[in-house]
Amino acid sequence: MILRFDRIAMELPPPSDPDPAGAAAVQELMGGRFGEMSTFMNYTFQSWNFRGRQGARPFYDLVANIAAEEFGHVELVATAINTMLTGATPDSNGRRTELATKSPLADVKGLGNPHHFLAGGQGALPQNSQGRPWTGDYVFASGDLVEDLTHNFFLETGARNNKLKVYEMVEHPAARALTGYLLVRGGVHQVAYARALENLTGADLMKLFPTPRIPTEKIPECQPHIERGDHLRLYRFSPDDYQELAAVFNGPHPETEEELVVVDEAPEGVPPRDLPPQPAVFAPDYGPEEIAAIAAKLRVRAGLSKEPTGEVANGKAKASPRRAPRKKAAAKH
Amino acid sequence: MILRFDRIAMELPPPSDPDPAGAAAVQELMGGRFGEMSTFMNYTFQSWNFRGRQGARPFYDLVANIAAEEFGHVELVATAINTMLTGATPDSNGRRTELATKSPLADVKGLGNPHHFLAGGQGALPQNSQGRPWTGDYVFASGDLVEDLTHNFFLETGARNNKLKVYEMVEHPAARALTGYLLVRGGVHQVAYARALENLTGADLMKLFPTPRIPTEKIPECQPHIERGDHLRLYRFSPDDYQELAAVFNGPHPETEEELVVVDEAPEGVPPRDLPPQPAVFAPDYGPEEIAAIAAKLRVRAGLSKEPTGEVANGKAKASPRRAPRKKAAAKH
Amino acid sequence: MILRFDRIAMELPPPSDPDPAGAAAVQELMGGRFGEMSTFMNYTFQSWNFRGRQGARPFYDLVANIAAEEFGHVELVATAINTMLTGATPDSNGRRTELATKSPLADVKGLGNPHHFLAGGQGALPQNSQGRPWTGDYVFASGDLVEDLTHNFFLETGARNNKLKVYEMVEHPAARALTGYLLVRGGVHQVAYARALENLTGADLMKLFPTPRIPTEKIPECQPHIERGDHLRLYRFSPDDYQELAAVFNGPHPETEEELVVVDEAPEGVPPRDLPPQPAVFAPDYGPEEIAAIAAKLRVRAGLSKEPTGEVANGKAKASPRRAPRKKAAAKH
Amino acid sequence: MILRFDRIAMELPPPSDPDPAGAAAVQELMGGRFGEMSTFMNYTFQSWNFRGRQGARPFYDLVANIAAEEFGHVELVATAINTMLTGATPDSNGRRTELATKSPLADVKGLGNPHHFLAGGQGALPQNSQGRPWTGDYVFASGDLVEDLTHNFFLETGARNNKLKVYEMVEHPAARALTGYLLVRGGVHQVAYARALENLTGADLMKLFPTPRIPTEKIPECQPHIERGDHLRLYRFSPDDYQELAAVFNGPHPETEEELVVVDEAPEGVPPRDLPPQPAVFAPDYGPEEIAAIAAKLRVRAGLSKEPTGEVANGKAKASPRRAPRKKAAAKH
Amino acid sequence: MILRFDRIAMELPPPSDPDPAGAAAVQELMGGRFGEMSTFMNYTFQSWNFRGRQGARPFYDLVANIAAEEFGHVELVATAINTMLTGATPDSNGRRTELATKSPLADVKGLGNPHHFLAGGQGALPQNSQGRPWTGDYVFASGDLVEDLTHNFFLETGARNNKLKVYEMVEHPAARALTGYLLVRGGVHQVAYARALENLTGADLMKLFPTPRIPTEKIPECQPHIERGDHLRLYRFSPDDYQELAAVFNGPHPETEEELVVVDEAPEGVPPRDLPPQPAVFAPDYGPEEIAAIAAKLRVRAGLSKEPTGEVANGKAKASPRRAPRKKAAAKH
Amino acid sequence: MILRFDRIAMELPPPSDPDPAGAAAVQELMGGRFGEMSTFMNYTFQSWNFRGRQGARPFYDLVANIAAEEFGHVELVATAINTMLTGATPDSNGRRTELATKSPLADVKGLGNPHHFLAGGQGALPQNSQGRPWTGDYVFASGDLVEDLTHNFFLETGARNNKLKVYEMVEHPAARALTGYLLVRGGVHQVAYARALENLTGADLMKLFPTPRIPTEKIPECQPHIERGDHLRLYRFSPDDYQELAAVFNGPHPETEEELVVVDEAPEGVPPRDLPPQPAVFAPDYGPEEIAAIAAKLRVRAGLSKEPTGEVANGKAKASPRRAPRKKAAAKH
């Protein structure tokens, strides 16, 4: 089971010039064979299907815990796509009727993934850069631990390739921030799986790094994360479980020789932005203010505050009265 | 982002007579159009893509929170399938070599989903009852709130149909326990989406219930959950967020007239069973005890306990020193 | 546009011993690459996309008209499958509740196409014999007349192969009656496309017949149709249009030397059977009699007769007051 | 079975500036999950698989009859796409040879759906706006009447969303005329299914309208149809059958309060345009005039008129000698 | 380009008891993600797309040459499946007519892959064990040499897992002989790719072997090939090219410490059996002897021998007058 | 089995102005339903599955031999695509690091098939012009000889249509040279299958030619091949086998009346170009010169020459010491 918290892994830039063609490319990191849905689902299924997990606990914990982090990566890709699509259709200033009759989508005809507009509300899709859906065939879970780890190492390798190429193709700030972050975090997972294989077989896989030979140390958007030490850290994404990570994830980083570190809690994250309505595509409606009025009324009727309680990066919401600092909360357990 | 905890939503029966044909049927609840991967992914994408969420906060919270519960449902389906497949191949008593040369899979030739054995280690697959993979095309996220809720109500309706039919088809205790639970919990989600639509539009949808006309009150495996009140409760699956559920989820249950209730924390769950290795399919290896020896060594080297720290239902694991009772932990926040 | 009339092309036997495995095989004639959805959709798209159709009118009329007949063939395959599935689950005698709790689908676990029971109500699916869905990729419409006709000749050739093989595999009377009929009618279409190619190019294709070398004259279920002359006739499925069929469909039949004939109206067909509810799969509900009561009330409220007006083969329905004999009606135009 | 008549549901504008990118977008209404192939096939399969149909006759008639209208909608989408593609390649004035060697398709490289040109003859495809084929997985036919109607209501809701978005994206007159018409007719079907649900369960669904909140009364291309009253009418698409529509389709329209009406015959429709050959893509050939000469000869040989007998909007065809006014013809039955 | 020679890689047992369910399982080795179509196509595409191949010649030669061997593996899988299906339908002794009317396929209804009978002539299909088609999505060709080799090592690992599992499931002699051979040859390719990675990066991958931990030395059907030394040899499948294999493929075998060897020619292979007609499925016709008569006549008319010139294992064919012993022929170049 | 030789069927122009959109269109000839993967795989499977092949030897030889030529056609399409993509990303002059941070793929965002850059190394994909993968469903192998030949004739017909349309769409010299060649060779195969059908049935199919009515004699890029006589020749692609081609492939060419000819060896072909690295996409690496250094060292260590031994069109490679002129080598057998 999971607990969800309404924060994203890192701060993404706010919407700026919309980039539908770029958003279509970033979909590769969402629904492609090596996208984040694949990493999330591969490790999740492997953990669910893990037999004899007590005997292999450090490996089980590793796979199950990385799976949990990957959820946040899929979320981040979705957020970046949503950010890039924001503003691609004109706002109505509340005059939805005019909108509909004035071809608000004419400018995006033939541009990017048509489903971003025709099927969705300028939102992320479980599809790749060609508009083909993610499929369960991308999941590999043989049950054989060494084989699954070999797969995972390969999967992370392919994923890093994709990430850099999207970085090279898309200059939108949200895409750049996204790929800079994912390159660093994906690199950690790649090392983790290689280390797991080494620990099981004795084969020295550290010499394969970096693979592909991506110079993350030269990519500006990777730097904040490297400086923070995030290229060395595996976070524990659980209130109480997956405590044996350090049995596998340890030793020197294959590129920098710095020591790998297990952090005994999840990162704090940041509240996401509340992305503005796009009434031309009915998201969330042609008259969002009516929904807001209904919501306020319902809240009051239920004895809740009149203002929304959820925290967003760009809203004026009443801060959640109950949120304790993430770090402390985790420490308390 | 999520925190994962290593517990499943309810206790499932231990492995008994294996049922590969039944496991193939249960896959419909995993990777079918109306399976739990679909509910999980639909609500998750809708929450990620939710625009103007502050204005529509009670509805955002509802969708995002149900998404979190659905993860646990996918997990439960996987666990049931794994349980049903356990024992379908002979054990080797450590004599793997003989196994391989003695046709340990001959008995399952032509039986059930061949990928359970040829591709996986007698484990769950992201496929439906026909062996076809789950696909991103099953996700609907139009961005239009009323339309998404209409979809979700329909999705839960179709899902209930599937659940009862699997119940009718598969008599294995794990399948029965699973479907009994999912019928009750899915019913809650169906009510929740109908209530959301009512609150937004004024249409009285409660008269549609039950739909399909499933007499859950007569199904034995539903009773423990109904008696516990789980047909009335929406749990909050977050340490701090999604606090506006009660603004939408309230009023009388359409079938029993009892009051709907929001529970301000996630259910405790139970530790999963550690399902035994199936060496005929290399899960987790042909010599699981060697992995265990390596794991023990790694644990000690890392300064962890010699015994596995994870809690399982059927193991002799050292109890996690850090786990606080779930309820209290949540209350502390 | 179409007018639909509530009759099927030939009388099929009533439900007898159910045959789920046979029904799964017959699905090849529904949703397979060479199934009736394919013939229907291929010719329909070719007719919609036909450019310069006035200049090529006899050929346009041929393709458009055969398309209309194919609808009836898809319908007939559906009816056969529904017939074969009837009775595969136990009847409840109105005690639905007991049904659900007594594993009414246990007997069909692992038998045939699971979607016949889990996804549908013991009804036909747009899938092939492997449970894979029909896809638009089966449609060929190049716009090049000679090429499309070449395709159509090949398509009918492959379809005949499939039909005989299903005949050879499935002994259920409904499947036999179905394939006997389709072999004869498909043969006519195959001849029609070959004649069209001959008329356009001068190539003598009649020597290819029969292809595959199916001895329809020896297959008992083909005989009634051959005796009636249906192996020679192309019916005109339109009130007024497609009048140039005879410009293409003429000359001696390649196997029997009898003259090919255009019939200037559609066949009468027969009313379909009203197949009984299958409450174990909720078709049409767990309490069909309640629906009937509502329907009767609605009919009266709307000023219609108290009894159902539709004609079915096995019901006591009031005969439609308005139906004129099909033949005369057509003749009147 | 069906009778086909060679008319389309409404007059579409003639070819003007070709719009391959727009045509690619309009494909969503053809082969998308919510396109017209889906509505046609969903209702058709539901009607074929309808069990106990005499007892539920008004509902059976409704579904079966709407299915018949949907055929005309698929046809109309095809016609619009064909119209939009006309002229996208240069004409040859009979000099095909030169054409081929002069890159007549160079201008459409990278523009729209490549299959419009490489696979087809500038004709409609059974694909969506991403070039992915329609699939049988889009068909839902559970056999459970309430559930199928719930699905159908949702399907029409999603379809309306798609239609408006295509309207907003594509300014080509054929696309606008198409979507204006489909929005009105689709709205009628949406109301019909909601009414059916209300009649079966008592739930008041009319308050959900309009959903999505499309202001059809402000869309110019909807007006002719609204003025004619087509937003209130359900036509009966059968010579004699489906007479119980009025038992379900009645009461006030949810948006205008006008009374819903059943029209006891199909609309007359209009003859389609004969779209011109596009020799650069071999449609219908590189020398269409040769085909015409052959056709004329064949007609004469068969004792038919020398001129084509079929009626088209833009041809000089001899009017069909047999066509009676549609209205009268229907009335006669 | 290729030259094809009409021999298969090893002698397979003759048809014995047919095993349709087993043949369906063996399809995993044909059209599965890790089947031989995948290995063949992966390496072939990687070789075609290889940039800067002169600089990386030993690696290019390795990939291109293994691709050539894989063609023979796909062929062998096809041959095994065909062998296993032979006899699954009754022979007609020339009385085809009776056959068709006597349900010759009734015994295989619901058994194995229905397409073996309905779509094919009891022949191999480009599908996996679930009847799903092989797809180009199984090809990975990133262009990055290290990454492609990492993939190939993983692919061979997964392929070995599949091979052993098919071995464990299917006892038919043809399946056993096939998998015994493929386990040995696939093991060579796995070592080859690991060695290539080692040579490029210095990482010691030999310690990963065997992976999965298959004891090929205990599997009887592997022994003839091991005894012949085929677990150590890489053959050169080209008249003149791919001469740099030895630069990569060398050193001790990771399991036996024996030296790896490059053989400078292709293995001789053996002539395939001429599998008998299966007239119930029209393969190659319902009257094969008529085809034979035509063939004989055509041969004579063309000045060829009256008897067939091709060599088969079980025929009385005139030996090809031109065939030189394979070894010498190769040596001559 | 096959022998592979490192030559391509004809000389293609060197890389010039890159054309990603054109390359995306050419993919139709690779992975489309009528692309070269389809012709290759169709004939290959038909030959593997051929039952009673001794009796039908001339036909078996024909199908098996054409299959072998088709491999070379797939290869040629791949080569053309690779040529067209070369240069689409900027070269780094060895400064990879800068490359990555300077958006080297920005210019191809939204252009052509994104997988050419994101998934591959500017290399060919097993996909069609829409970016959808080739699938085993494109293979037809019924086992019925006449039916398979009918299919093959149709397949070649559709393939010629596609080839001309790609010719018409893409002006890049590599695409033009490719399609000019394939039109001529495909035409030969089309004639071959028509002749085979004629020889089996007596039907005169020659009158269908040309179909589609492509005036190859007017297409400049076809002329070199026609002048060489390649429109009349069937080459034998085997050292010793498939000697009965002439029994089927004979008589006058349907368009020119010239005599068809069997050539008793494979064409010589030409060495392919060594296409330059594209470091922006890591093909074959970010530092290709390091790979070259390793390769040189490995070669020497293995006792091979210091320089690469493979022959390429544009390299300075040491000529292979062993290559005998292809013609002579073949003659020797």
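Just so it is clear, A, B, C, D, E and F label the chains in written order, and each chain counts residues from 1 on its own.
We take it that a contact is a pair of C-beta atoms (placed from the backbone, for glycine too) under 8 Å apart; a residue touches a chain by one contact, two chains touch by 3 or more.
Bear in mind that the values here come from a model prediction, so they are computed numbers and not experimental data.
For the pair subunit A and subunit E, chains touching both partners: B, F. By the document's definition of touch, common neighbours of subunit B and subunit F comprise A, C, D, E.
Because subunit C and subunit E share one sequence, their contact can be compared position by position; here under half of the interface residue numbers appear on both sides.
Chain centres here are means of the Cα atoms, and by that rule the chain farthest away from subunit B is F. The most distant chain from subunit E is D, comparing centres defined as mean Cα coordinates.
Between subunit B and subunit E the centroid-to-centroid distance comes to 41 Å (mean Cα coordinates, whole Å). Centre-to-centre separation of subunit D and subunit E, using mean CA positions: 49 Å.
The set of subunit C residues touching two or more other chains comprises 33, 119, 131-132, 137, 142, 144, 146-147, 161, 212-213, 281-282, 285. If each chain is drawn as a node and touching chains are joined, the picture fits none of the line, ring, star or complete shapes. Interface note: chains touch in the pairs A-B, A-D, A-E, A-F, B-C, B-D, B-E, C-D, C-E, C-F, D-F, E-F. If you check the complex, the residues on subunit A that touch subunit B are 1-9, 31, 37, 41, 45, 48-61, 64-65, 67-68, 71-72, 75, 78-79, 82, 119-127, 133-137, 139, 141-147, 199-200, 237-244, 246-248, 250, 266-267, 269, 274-278, 281-285, 288-289, 291-292, 294-295, 298-299, 301-304, 308-312, 315, 317, 320, 322-324, 329, 332-333. Note for the complex: subunit E touches subunit C at residues 96-97, 99-101, 103-106, 108-110, 113-115, 117-119, 131-132, 280-282, 285-287. Remark: subunit A residues 21-22, 24-25, 28, 32-33, 111-112, 129-132, 161-162, 164-171, 212-215, 218-220 touch subunit F in the complex.
Within the complex formed with subunit B, the residues of subunit D that make contact are 33, 137, 140, 142, 144, 146-147, 150-151, 153-154, 157-158, 161, 197, 201-208, 211-213.
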